[in-house]
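Here the structure comes first, spelled out in structure tokens, and everything after it is commentary.
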Amino acid sequence: MSIYSNTRPEVAASEAMTLPQRYYTDPAWFQREMEAIHFDMWLCAGRTDQIPNSGDFFTRQVGNANVIITRDEQGQVRAFHNVCRHRGTLLCNEHEGKFAGRIQCQYHAWTYKLDGTLANAPHMEKVQGFREADYPLNAVATGVWDGHIFINLAARPIPFSDHLAGLDKKFRPWRMEELKTVERRTYQLKANWKLIIQNYSECLHCPNVHPLLNKQSHYMSGDNEPPQPTYLGGRMDLREGVKSLTMDGTTLRCSLPGLSADDQRHVYYYCLLPNFFLNLHPDYMLTFTMWPRAADHTEVTCEWHFHPDEIKKHGFDPQDAVEFWEITNKQDWALSDMAQIGIASKGYQPGPYSNREELLLALDKFVLDRVERSKH
Amino acid sequence: MSIYSNTRPEVAASEAMTLPQRYYTDPAWFQREMEAIHFDMWLCAGRTDQIPNSGDFFTRQVGNANVIITRDEQGQVRAFHNVCRHRGTLLCNEHEGKFAGRIQCQYHAWTYKLDGTLANAPHMEKVQGFREADYPLNAVATGVWDGHIFINLAARPIPFSDHLAGLDKKFRPWRMEELKTVERRTYQLKANWKLIIQNYSECLHCPNVHPLLNKQSHYMSGDNEPPQPTYLGGRMDLREGVKSLTMDGTTLRCSLPGLSADDQRHVYYYCLLPNFFLNLHPDYMLTFTMWPRAADHTEVTCEWHFHPDEIKKHGFDPQDAVEFWEITNKQDWALSDMAQIGIASKGYQPGPYSNREELLLALDKFVLDRVERSKH
Amino acid sequence: MSIYSNTRPEVAASEAMTLPQRYYTDPAWFQREMEAIHFDMWLCAGRTDQIPNSGDFFTRQVGNANVIITRDEQGQVRAFHNVCRHRGTLLCNEHEGKFAGRIQCQYHAWTYKLDGTLANAPHMEKVQGFREADYPLNAVATGVWDGHIFINLAARPIPFSDHLAGLDKKFRPWRMEELKTVERRTYQLKANWKLIIQNYSECLHCPNVHPLLNKQSHYMSGDNEPPQPTYLGGRMDLREGVKSLTMDGTTLRCSLPGLSADDQRHVYYYCLLPNFFLNLHPDYMLTFTMWPRAADHTEVTCEWHFHPDEIKKHGFDPQDAVEFWEITNKQDWALSDMAQIGIASKGYQPGPYSNREELLLALDKFVLDRVERSKH
């Protein structure tokens, strides 16, 4: 029995309505969401192949938190708040780079090891009770799943494996840890982060908005899992004759080595709440990480990852996949921005969801429940 | 006996003072004004000749409301909130255009007739209790006066004819419905909307600020009506030998066909509260619509309208009127912006009105009274 | 016995901590600081040689106050709120210039003498009880110290000499009133104003941040006065062979005429709270005035002043001093901006001051004390 079902139960118009305006526009509600969700859950930050060696780093902005993700001398992935423990100065203002063995504040040369411990704090000899051991960098929890680096800003994060909730087993055949990032695009959306997940979670808009996608994967072929506490996901069929989602539906690339014949006929779309989209194609992986900046502003980074055997082949060219999703992304972003404007306007009132928008209703409930619980 | 009088009664300095700072700077007060005034009164949105045919439309932003103004299949002017009843998406993001018979949301293809009724909502079959009749576009009231289109966002608008308060009879001789828009200019002012009405409502500043205007129409010739509940207005004399307000005071154009000899010697300046200025010259009509964007930001659209008989004459050239008012407008906008800066600064305190600034005092009272009443 | 001591007592890490985040980021706290400090204390506005003649003026923005600084017909320095007493219009929107004998509002021609009295208010004849004597420009207190113009926006300022607290006697030998401004640079910092004073008040960062400065003046040579109620200051030694702070440590300029041999071997760094830095070199004076614009934005104007005997010498070239401080300033501004970002981020928590950062701790106490007292 498959977990995927294309028959959604009926819903009642009176019960399945979109959220009121303020959930998309109110800065105070946005801040509550950040506290209850983004500062409390595991967030996908990037890929291990961005920091192959000790001292390599990149940074991520999560709300007002700036986080350094690096690899220590033992090769372990580490994350720290990008703030000196002396007078609070930002430690590095580059978005990526390489530390020369230590992390040194440019202001007064407080110096930290790559595991975060304070190694040297000049001119503190005459400060009574000062001990370097009391001032390590403030750590951020990390988890790694098949090459995906996750961070968690909570004081007591739930175990990372609980968050994955079995997706690690489910997607083992794709051997994602082997894949290499080939392209990265960053987009600034004038839309609330929830609207981007809602856009991702239904394909009823595909025939109008995405004629190219719909030509290669029928919009009614979507099979969703029942909504889960930490993720929303489903898969769609490739139409007969279509090998992958590319500009013309063909590809010269081999399928990823571990895939079954069935998996080669589907594209998987999973949203690991609250900030990660994972699109698994037969021959490549597409990932999105979403970074809310304000109630009406979200930064989205999209990356294309391929198998190294394909990358090194003569004539390897990812453009057929890059262009396909660049087109599709821009169609989605334009509609998400228009949704934000409409919902923010005086004429908006909650409207009825279709029974095929059940994942959107689940997202709304997830958000309300999370924020409600965080009060206590 | 004329309603116009050039003798203003004396006022007392202690009673006729400008408003305190916060009425021009406080975002919360601005929001209260929007609710009590702009969201409750009739606003001039444009002209019927902008939408001559069924399906033609333009949009207007009123506070956070975005409104579509269109003409339905029966030729009736209609206005709707520019928001889909499904998930709240903005229906059209062009400022003007033509609907192809229906208004269709680009996101999920919900489709509305030009009268606002929902004609088609795909994939809602399995939503219990869903009826298309329950989800028409949210309507906005409309009124048309001699070619001027008005909208009203209130739940229960006062009758449009009450708002006009006899101005329709008064200005019947101008036959404004015959006039055609020839030029449009939009200006962004860093000034509170009330300051623009105040600037409009007295000509004591004319000798300093508008030497060209003052040369053609003496600043002390202003005859005002007593202030009315929905409008503030008056008229000024053209100086001897001046035919109209143009760059050199002459014009090749005939006077508008219905005007008396007396009306051909005056320019009428009427502010229909809160967003419409109507300047009636012997040979053309000038209109301004004002759109408050923030306590310190107002968008103003100025249009020049002429009689079609003149427009079709060989050598018709509106530039003498366009340039005259472009110069005069920019002088007024610069002063309004400087008034905003000064009033917003720490050194401001209310100052005394002249007895010839009686319409400004009436405006202040109108605003305070409207906001006060809206509390109940 | 010198007031300068290079031995700072020990401090306790538990007692000498940086301030919590909100003191650097909260707009409401920033507003309270403005009220209790910048709107209550003497601020350095500029130099008398900017307005040598009657009617010359410049303006300064202090929070939401815009102030005209001018010189009246008797040659006295005067300051006024840049706001007309009629309807509140900004009187002049140039940052500097010359009034033609009177200050006239461009809107309705209310006209003031250079001492602020209202000389003419047209069309006010029929306003009962109106007297021109009741509507002078709102005055701002002024003080002049050796060419430095200070303003005070308080209703009842403390005496200017109390504010100087003896610095006028101390710095008499420099004869600052003789010096002429040769160069001015204005910088926009994305940093709280307190961070700029903190940066100025310790040289522990000099070896890392300012290698050029440290080469000419050893960072551990700093001798501070004990913190005073209205100023924080100290001096540093020039290294052997260094004549002044210039690109190469040499100078063709003579020392200022009144200086002792000892003063020729030091650079004095004084912060007259809250907005003035005075750097006295053997052969020139450097001044900074700081203008908080928001919790995270400060405008800084830096000026270089030289003795007129040097300026008129053939081959006078201030670039060795200008370039030295342009380099040093930019190093400081970059670190101050990074401090602001770090302190504003979620990972920040107060950290321990070194005992050599005693002036920073004094600044923090000054601010908290001032705001606390202002409540009553």
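Going by the order they are written in, the chains are A, B and C; count residues from 1 in each one.
Convention: a residue touches a chain if its C-beta (ideal position, glycine included) is under 8 Å from a C-beta of that chain, and two chains touch if they have at least 3 such contacts.
These numbers come from a predicted model, not from an experiment.
> Going by the touch rule set out above, what shape does the chain contact graph take here: line, ring, star, complete or other?
Graph shape here is complete: every pair of chains touches.
> How would the chain A/chain B interface be labelled, same or different, where same requires over half of its residue numbers to be shared?
different
> So what's the Cα centroid distance for chain A and chain B, whole Å?
One centre to the other, that is 47 Å.
> What residues in chain B touch two or more of the other chains?
There are none in chain B.
> Within their complex, state which residues of chain A touch chain C.
Interface residues on chain A, with respect to chain C: 39, 62-67, 80-91, 93, 106-109, 122-124, 126-130, 135, 138, 153.
> Mind listing the chain A positions that touch chain B in their complex?
Per the touch definition, chain A meets chain B at residues 8, 10-14, 16, 18, 198, 204-205, 207-209, 335, 338-339, 341-356.
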